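These are the structures in question, set out in turn.
The following pair of complexes shares a single chain, chain A, combined with chain B in the former and chain C in the latter.
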Partner chain A sequence: MLGTGRNGPGRLGGRTRAYARFLRDAFVVNLKATLEYRVNFIMQFFGMMLNNAAFAAFWLVLIGRTGAVGGYGFSDVMLIWALVSTSFGLAHVVFGNVRQLGRIIMEGGLDVYLLQPKDAWINVLASRTVVSAWGDLAYGFIVLALMNGTNLERLALFTALAVPGALIFAATFAAAESLTFFMGNSSAVSSALTEFMLSFSLYPEGIYGHGMRWILYSIVPSGFVAFMPLRVFRSLDWGLVPLLYLVAAAYVGLSYWLFRAGLRRYESGNRMDARV
Partner chain B sequence: MPAIIARDLSKTFKTKVRPSGRLAALRSLVKPEYRDVRAVKGVSFEIDDGELVAFLGPNGAGKSTTIKMLMGILRPTGGSATVLGLDPAEDRVELSRYVGAVFGQKSQLWFHLPPSDSFRLLGSIYEIDDDDRRWREAELIERFGLAPYWDVPVRKLSLGERIRCELAASLLPSPVALFLDEPTIGLDVVAKREIRQLLAEAARVDDTTIFMTSHDMGDIEKVCKRAIIIHHGEVVVDESMKALKRRSLSRKYVGVRYASPVDLELPGLSPVKRTPTAASFEVDTSRHSLAEVVRALASRGDLEDITVEDEPLENVIAAIYETRSGAEAQALGLNASKGAGAARAGEAASA
Partner chain C sequence: MRSRCYAIAASTSMRERAAYPGNFIGSMFTYALFVFIFSRVWAGAYAGASEIAGYTMRMAVWYFIVAEVPSFGFGRFFWTLSRDMKNGQIAYLLARPYDYVGYNFAEKYGGSLVEAGVILVEGLLVGILLVGPPPLAGGAPSLAGGAGVAAEASRALLVGLSLLLAGALNYFLQASIAMTAFWLEENEAFFWIFQKLTLVVGTLIPIEFLPTAAATLARLTPFPYLSYAPARIMVAYSPGEAWSLVAAQALWLVLAAALARIVFSFGSRRLSVNGG
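Moving on, here comes the complex of A and B:
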């Protein structure tokens, strides 16, 4: 029957190429939608950087008075902020619906994505960008430039570490939001996980006890978006970078599996909707 | 092979029971109780390639649930569906390459961007290469008259203009079948007429199978050739539009106006509206000869105007909606729960 189809699959080549093209075009469309309101974009962009810079001032005063905290000096704290900020920003710039997924599921908004020949999980996550996240993304690079000047190897390593960090952030948040399929509304779990992950990531690893560290390398994976990347960055050890990508792939795989399992329970809805 | 086959398609939702009383409310926090709500109860039909089918029913009848099962959005709890030879629940992504959809309540266009940007992204979603997309866009811009608002953000378009763009967007990948869920909801009469014309043209030009839900009789009469009516989750009527309209032909509305007041006593007929100089009658043509009624009315006075109208299709469908089940509809002589073949065979026999 489908031999009669007029727009068969695979005309552009492999799936990967097709998805890369889709992600690129979604990114461009999202960016254009953001720039429709330039003043808002500029305010949120610089507002977020100012917000992050305020914490830098707090740490400068604190470490100036107490010395190293949990084994971290001021430069370590700034680097961890830079890594977390850029990873978090990148996750929300590319996958802007990552913390809206639960609401979208709850309100039946997945219908539009399920009607299109792209994986619904990737399609829905990549269909929006978060304006303030551009400020987070840029903040990390600015801090890096201030701390390390124009060292290109460090810049490359920083970028290589931010990508798995972003994937782990996105996968973890998406997993919490996908619980909506099972719980009806997972916003409380999702908000708590977001708060925990950000808070735990932005403080020195040395302040956490042994038990807590287990959590930080599993359910709330701050260890993989902050502490481990910081160690890799400080030692310029490229050998551990692939491991972080493997960990990111595992988190993405688990999150995707949870979404697919939940999708079987999807109940749709009849709410009026628009894509913004 | 039919384009769409539904066999005993069913969907049951679980709904939490709201407890009455404080103790029961507390208990439900720990152990909530659920009840089954059967939204669709064993719906069966077949739709041939290129058919234009209206899928009708009152609010809550199970129309949207059925259409969502046919598109793979919802998984049936019973029965099976085959669309273009694929199982929508298992092959949804593959199916979506060949099936377009317009949901009047849900947009696939970016609200803050012009249609041109959304079409470009839809091109990469449907894996249409850029040259083909531009060629297809040019065709759709021409056919749908999109040029004036091609570069205007969707948020600045009227609802009619937006739906026009939605329809064009759904046709971008040249779908074999088009599912529409209330495509003209909220539109004014002019916009409705335009959308109907565009739909009819899309079906004619591209030979697209159309499966459409709507509460608007105009949509149904102008676009569709067959009607499936669902009520309380069951198919109560499945027959051609011609047969459905024929039901209305057994009842006529005759209106008369005279130059001066007249006495209008007709044996067996009483007016549904009456003024000293005018009246309107509902005539059951199986009991009264229309010609005799018209002759009798013409002879009663100095006639200024006379009109004879069919019963509106809306009334026929409203009467069907008022039935409570498929069994009741069958008892009323409606062509309930028959397959398409049977419905069309009946139509051919009576023609």
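Moving on, here comes the complex of A and C:
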């Protein structure tokens, strides 16, 4: 199992470094594959940024008319868009198969990953990148660069907040996709969760009633990828950053546990696949 | 003879869509989620005001409900048309004894009417649940009495007509963009720009919310007639304004249909078919 070596901290450290190298190599290979189709890459990149910019125009007009909405001014809304966009983008750039996992399980496509020495969960998730996600990843940094008061510390904090956000996104989506082991086809649940998580994350927290807040900090963890990071960023409170990493670790742990539990029910499809 | 052929194509396409009602679930879910979230956004925006740019909160929510119907019902013509051109299916379609532009309009538009109808009915139910019935048609103090009922019937008729025109206009504009594939293989960028302009100019927010200069400029383009027109008729019905919006839609429809024919006429000359 990932990170549970039996021979003490030295072996654990070695495995962690090995997985870090594996993720780096997977990232580089995926990036090279993406850049083979440069026109497609550039179009998807700018297409995603254009999509995000359209909503920025909406908020500019609305808040220009009404003032703050749900306690958020224009810069707050732009910051949650930046945080969510970069986290979502990073999750799909590094773990591009995160929303394909259910289909792979359903089609018996896990065989090829189970036969390889690296952990199947990490291997399958990191074996692909999503081209349009690069646009999302860049959008957050572009918004940040355009905002007043951005300096190196804020850039570092923003990056530090985007990483647990990406892990929470990836872990939540992967958990929903892993339900395929138990349900046969979890695409409806997974699509619904994706829609919920993205939609709830991109609008001011204050517009949701108190009765809904607990959902945003549990099943649909928008609170940990958007609202709490925004508060941390606004107050430059580095002390809360480790807490977000702990929360991310908990979501990753739960998602991994669900995958391993489901894997016991997996039956090979005897499919012949080649990874090139 | 030809019109009969097109009518059969449209009705076959409609029956085909209606045969798989499960395919609507994803769109219906996303639409309901958007309507719910925007009803919360508007509740936040109207927290300190009863009226903004001539719209009450109930009008704004109902505006969104109707303005999103064309996006969900008629928003995806580009992809099927563009796919037909890129995968070579067009070579087969052009050899058939019908007018390519007319036949495709009948087939694609006919099928989309089913989905648009389903979304509209869902929107009416969700709207009533969230904010109550739509505001009464202008000039009618209540539904009681012949004048009120006549105004409501007239509004319903014009909203329906305006939605149909919005769908047809959407088709011809998207077809014109899709047929740029005769020249450019990667033509998605044009569609994305079109899609986002449609979203900002009249779908997410009424034109009246835009700054005066932007609103004036927007009215000179076809974008308000893709979603603003039916939504405006729904929430602020007055016969004079409604008929002028419908007339403008009809005018833009004629221009867009002519544009599609011109693009096809020039583009199809560039097509070379090899093999059989």
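Following the convention adopted for this analysis, the second predicted complex is superposed on the first by the 253 of 276 C-alpha atoms of A that agree within 3 Å, B and C clash if a C-alpha of one lies under 4 Å from a C-alpha of the other, contacts with A are read in each partner's own complex, and residues count from 1 in each chain.
As a working rule, a residue touches a chain if its C-beta (ideal position, glycine included) is under 8 Å from a C-beta of that chain, and two chains touch if they have at least 3 such contacts.
Please read all numbers here as calculations on a predicted model, not as lab measurements.
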| item | value |
| --- | --- |
| Which of chain B and chain C A:V69 touches, first, second, both or neither | second |
| Contacts of A:A192 with chain B and chain C, given as first, second, both or neither | second |
| First (chain B), second (chain C), both or neither touched by A:L152 | neither |
| Partner touching more residues of chain A, whether chain B or chain C | B |
| First (chain B), second (chain C), both or neither touched by A:D111 | first |
| First, second, both or neither for A:Y203, with chain B first and chain C second | second |
| Touch list for chain C against partner chain A, complex | 25-26, 29-30, 33-34, 37, 40-41, 43-46, 48-49, 52-53, 186, 188-189, 192-193, 196, 199-200, 204-205, 209-211 |
| Contact set on chain A toward chain B in their complex | 1-2, 4-12, 18, 21-22, 24-26, 29, 32-33, 36-37, 109-112, 114-119, 123, 264, 266-268, 270-276 |
| Sites on chain B touched by chain A in the complex | 1, 3, 13, 49, 64-65, 68, 71-75, 84-86, 92-94, 96-99, 101, 103, 105-113, 117-118, 120-129, 153-154, 173-176 |
| Chain C-facing residues of chain A, complex | 39-40, 43, 46-47, 50-51, 53-55, 57-58, 61-62, 64-67, 69-70, 188, 191-192, 195-196, 199-200, 203-204, 206-208 |
